[in-house]
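Right, I'll just put the structure down here and ask away after.
Letters A, B, C, D, E and F mark the chains as written, and numbering starts fresh at 1 in each.
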Amino acid sequence: MQTHPLKLVTIICEALAAPPLQRLLAEAGAQGYTLFTVEGSGRQGQRAGEMRELANIQVEVIVAPAVAGQLLARLAQDFFPQFAMVAYETDIRVLRQEKFAP
Amino acid sequence: MTSDILHALSANLLTPAVLFFALGLAAALLRSDLKFPEALYVTLTIYLLTALGFKGGVAISEAGLRTVLLPALAAMALGAVIPLWAYPLLRYVGRLRPVDAAAIAAHYGSVSAVTFITATNYLKGINVPYEPYATAFLAVMESPAIIVGVLLGKMSLGRQPAVFNGSIGKVLHEAVLGRSVFLLVGALLVGALCGKAGMDKVEPFFVTPFQGVLALFLLEMGLVAGRRLQDLKKVGPFLVAFAVLLPLVHGVLGVLLGQAAGLSVGGATLLGVLAASASYIAAPAAMRLSLPEANPALYLTPSLAVTFPFNISLGIPLFYALAHHLHR
Amino acid sequence: MTSDILHALSANLLTPAVLFFALGLAAALLRSDLKFPEALYVTLTIYLLTALGFKGGVAISEAGLRTVLLPALAAMALGAVIPLWAYPLLRYVGRLRPVDAAAIAAHYGSVSAVTFITATNYLKGINVPYEPYATAFLAVMESPAIIVGVLLGKMSLGRQPAVFNGSIGKVLHEAVLGRSVFLLVGALLVGALCGKAGMDKVEPFFVTPFQGVLALFLLEMGLVAGRRLQDLKKVGPFLVAFAVLLPLVHGVLGVLLGQAAGLSVGGATLLGVLAASASYIAAPAAMRLSLPEANPALYLTPSLAVTFPFNISLGIPLFYALAHHLHR
Amino acid sequence: MTSDILHALSANLLTPAVLFFALGLAAALLRSDLKFPEALYVTLTIYLLTALGFKGGVAISEAGLRTVLLPALAAMALGAVIPLWAYPLLRYVGRLRPVDAAAIAAHYGSVSAVTFITATNYLKGINVPYEPYATAFLAVMESPAIIVGVLLGKMSLGRQPAVFNGSIGKVLHEAVLGRSVFLLVGALLVGALCGKAGMDKVEPFFVTPFQGVLALFLLEMGLVAGRRLQDLKKVGPFLVAFAVLLPLVHGVLGVLLGQAAGLSVGGATLLGVLAASASYIAAPAAMRLSLPEANPALYLTPSLAVTFPFNISLGIPLFYALAHHLHR
Amino acid sequence: MQTHPLKLVTIICEALAAPPLQRLLAEAGAQGYTLFTVEGSGRQGQRAGEMRELANIQVEVIVAPAVAGQLLARLAQDFFPQFAMVAYETDIRVLRQEKFAP
Amino acid sequence: MQTHPLKLVTIICEALAAPPLQRLLAEAGAQGYTLFTVEGSGRQGQRAGEMRELANIQVEVIVAPAVAGQLLARLAQDFFPQFAMVAYETDIRVLRQEKFAP
């Protein structure tokens, strides 16, 4: 099966940051995303997720390597100062590369 | 007056609602693994807001819009102006960053529906009548302070990144179509259109079990507030004092305004409670979207872990005792 | 007849159920962030189906199976044959692909429990009695059309990949043990076995708050249907017209059949409503499993965003007015 | 006595609660895709425990602690000693590993709240009164056997890895602050503090719909137990026999103890049911934390898939028939 | 710690596709899978997941590289024409390789 | 954008194993974790997750490579004998490396 190398960018952040994050993803050229409701623990303590106001999400986005770099840069610049947030990228190989082209 | 107060207090502290809240606090402090699923939290919120709005709407259709309009406008104005003194207080006495001061001011001008509901139950428990359309005050007080707060905050900031840079239109959209305001106002409209005939159909669901549902919800609120208690040290003594004293002042203001607007003892109590209460649902959501630079610990912790417990345990009976005293 | 219709319509449009549905639509169209958790959606579905089935079963145990059998068989037959004319209509007039035509035909032969419940509430609201065992019609009408539709679709396809290639046995299993049919039929059996004595125990949970729960659920259905409205353009004018006109024809057929089977005005109305309603739970699930080649937008959008709102707002009172008119 | 038993059995088997349990079993065995969301499961648990505790607390406040104390201590002692004979039986007759024997013994000494509730409903259905404060027995019987079982298990193990190596303090914390014990005991305290006045407020939520909620919950428990049935072969014939016979013995012991402690026929029945029931919420959670070396299939499957169905279908009426017989 | 290179195949699709997907995984030789309920956005618009009929799932499967290739091929052939679906593979290193052998 | 190579350790296990697992993560030096409620299927059969007693979780932890090795070793030694559990590691590249240093 023919697969193509792309990047998976993963972002873990508080649920209330979802709307501006979704705007950022669209601006950066992502064609879609997948969102998980998660619980978490980190420097800001436990986030048990009973109330959306205090809950965490994980967002995963498949993008071309160039878009990944740009996305991470925008996150570091605009979001990190304001939100409890973790972001990383992973190498993946997808089917149907066209689906993810900006 | 002292015996009034003591009596009012004891009538409140031994109700299921307040005791279940205390149980939730205890669970959090003793680190029990008790936890409500998020879906249950949301469900209880949807139920309480819908039921409240619907009942209020039916009451408005009975009382006529004319009766409701004047006190509702007064309530709305009170909500909108509160940030105007809370902001400088936080900024210059509390020495908080401008954007944090604006966010906190928005929370204290806005209102807490659950505090309001607890107050109506308290009044029912001691057989004090109130204007049933008082829900309308809650509905109109939620958004104005949020809008004022966001504007104060935006003015204090330089250029924000574009993703947060909502126009006034967007801020308004958020403040008015956010789920809690939308549900409350929407259910109010539905109730107003259905009137008594509609109420007959849904009363066994929206009215009869209401107090029990509130008790369950306050158990959950106790858990949530209890988990926040450990953040109190991050918040500092000024904000803790602020979170008790400002509500006291606002409660007195609200009671006086209610009396001036011709409300009954019960109605004036409710307006006092609304003024004293601080938002912890609509306002935080609006802040994360429009003023993400503000620090959530500074607005959520005082309103959830200090003001909310204070109001449902001591505030409500105090404001009632005041309204009762003034009325004689 | 016109005044009958107008009266029937206005009695329906200002009920909590229909107004909360409209509120949900408004929330979706205004892009409020109001959202029901999936667990709440499932919970409400489980509650409504269980309560409905249980009540129906108790009613059957009171009326005797003999009374129920004939009209139930008539209802079942109607469900099974509807796809036989819907399919050629969609295929040759609408020029849809065979597999899409089959899937849509299955949806319109099957039924919507929520539409049925809304109709029973409407009848209660205007004090029109109906055979309480009518739930049995709902129970037997859900599956047959799905089976017929899947068979039509499979015949139209060449070889399917093995993972979808269910034998007739599998299709039957899906259609009969899918959660909505299973719950409804199961609760019906439980009710029939318990009878009145069982009902006394659970009435305050399964009966008294039922109308209120329905109102809340319709708020959610409004949200879901509203979000689908934007897909209407993908669906095209033929299907939109189909989604209004075919239910009208089926409703008339159902009312006539109900009258012929000796049902009361209320009972005939309900059979009309069932025939007119389109499935949006059992049928989509069966199609995804057995006819995945069919395009979901083409069957889900018309049934959820056109037929469902049409029936609960206009269809129900229209079919009632017809049944009432014929009866005189 | 035989006719007593037959009568008692038939009065139980055709109740909504038991029939909905059977429906859930059927759904699991027929592989229907019916499934309750986890949030609904948790919600129903929270509701049932809170309602139960609250009612019990109000009853204690009416009866006085003095009346409750002696039978409650007797109940507690019974729970604590059951593992002392269950353990050697499992170890030497059943030839189970020491840690598994300890874990199973803990489950059978502890209790199942849902079995208890089903029994109270059964008694209500046949109009047999019972001490309303009997919930206190449930509350005190949940933890002791867990603590005894964990101690037996720890003694049987060499060094455990540090992450599991809870001190006695930790084991106690788990056993007493685990969510089910905490909710039950907490709601009991709330009820005792509120008394009758509090009950008036929340009765339409916590009392009136209770039996219906139980029926819905037993549908879910049927699903869960049914899915476990396939694990029965892993468990072996000894444990299956154990899971029926030991509860029978414990039930008889409980009834006798109840009579000796001066309880009514209903109260003695309930003590029998508690002794016979096996935990499937608090105990498994405690074992996973404190005795993770024990095999869950060996304790969860017998208690959930054998003892629980046995008790709610046959055990409850049998223990009642015995209590009734002894009393004459 | 001795770890072994395997593949993680991730599939994001509508919830209603789960049963045939589970059948496919079993046929392809996967020994297990993990299923997440997610929200998502892509070419077919938002999938908010209120109703299972309109919801998304993510399925993750750990398999040997050969099985991964075969699985992706079957997905591309049988599922992509019919379902809203994204699929990709990632390199991972597992403990206890035997667990994942077909 | 400057990213740094770290490891993502993923653990899938029964929900009741969460408390000792969280203790282990803290001991091993992880600075946080993210927890997903999942359904799953494996050698121990289906875990449908209706009851927490019978449910599955997936825990993801970002750590330095050395910590990852140690974590996996501890899991293999203390947890595998007792719990239904799967564990693997993936290479990722994170923003803000300091956040994950023990």
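In this section, contacts are C-beta pairs under 8 Å (C-beta built on N, C-alpha and C of every residue); 3 or more make two chains touch, one makes a residue touch a chain.
Keep in mind it's a predicted model, so treat the numbers as computed, not measured.
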What is the graph distance from subunit A to subunit C, where chains are linked when they touch? 2
Between subunit A and subunit F, the fewest touch steps amount to 1
When the contacting C-beta pairs are counted for D-F and for C-D, which pair yields the higher total? C-D
Centre to centre, using CA atoms, which chain is the farthest one from subunit F? C
Classification of the subunit B:subunit D interface as same or different, half of numbers criterion: different
By mean C-alpha coordinates, which chain is most distant from subunit B? E
Using mean CA coordinates as chain centres, what's the subunit A-subunit D distance in Å? 45
With chain centres defined as C-alpha means, what is the inter-centre distance between subunit D and subunit E in Å? 40
Round to the nearest whole Å and give the separation of the Cα centres of subunit E and subunit F. 20
Among subunit F residues, those touching two or more other chains are 36, 90-91
Of all the residues in subunit D, which ones touch at least 2 other chains? 35-40, 42-43, 208-209, 285
What are the touching chain pairs in this one? A-B, A-E, A-F, B-C, B-D, C-D, C-E, D-F, E-F
Write out the stretch or stretches of subunit F touching subunit E in their complex. 10, 12, 36, 38-43, 56, 58, 69, 72-73, 75-76, 80, 86-91
Can you check the complex and tell me which residues of subunit C touch subunit E? 35-38, 41-42, 161-164, 220, 223-224, 227, 230-231, 280-281, 284-285, 288-289, 292-293, 296, 300
Enumerate the contact residues on subunit B facing subunit D in the complex. 14-16, 19-20, 23, 26-27, 30-40, 43, 121, 125, 208-213, 215-216, 219
Residues of subunit E touching subunit F in their complex? 1, 3, 6, 8, 22, 31-36, 62, 90-96, 99
Subunit B touches which residues of subunit D in the complex? 37-40, 42-43, 46-47, 50, 54, 173, 177-179, 182-183, 186-187, 189-190, 193-194, 197-198, 201-206, 208-209, 285
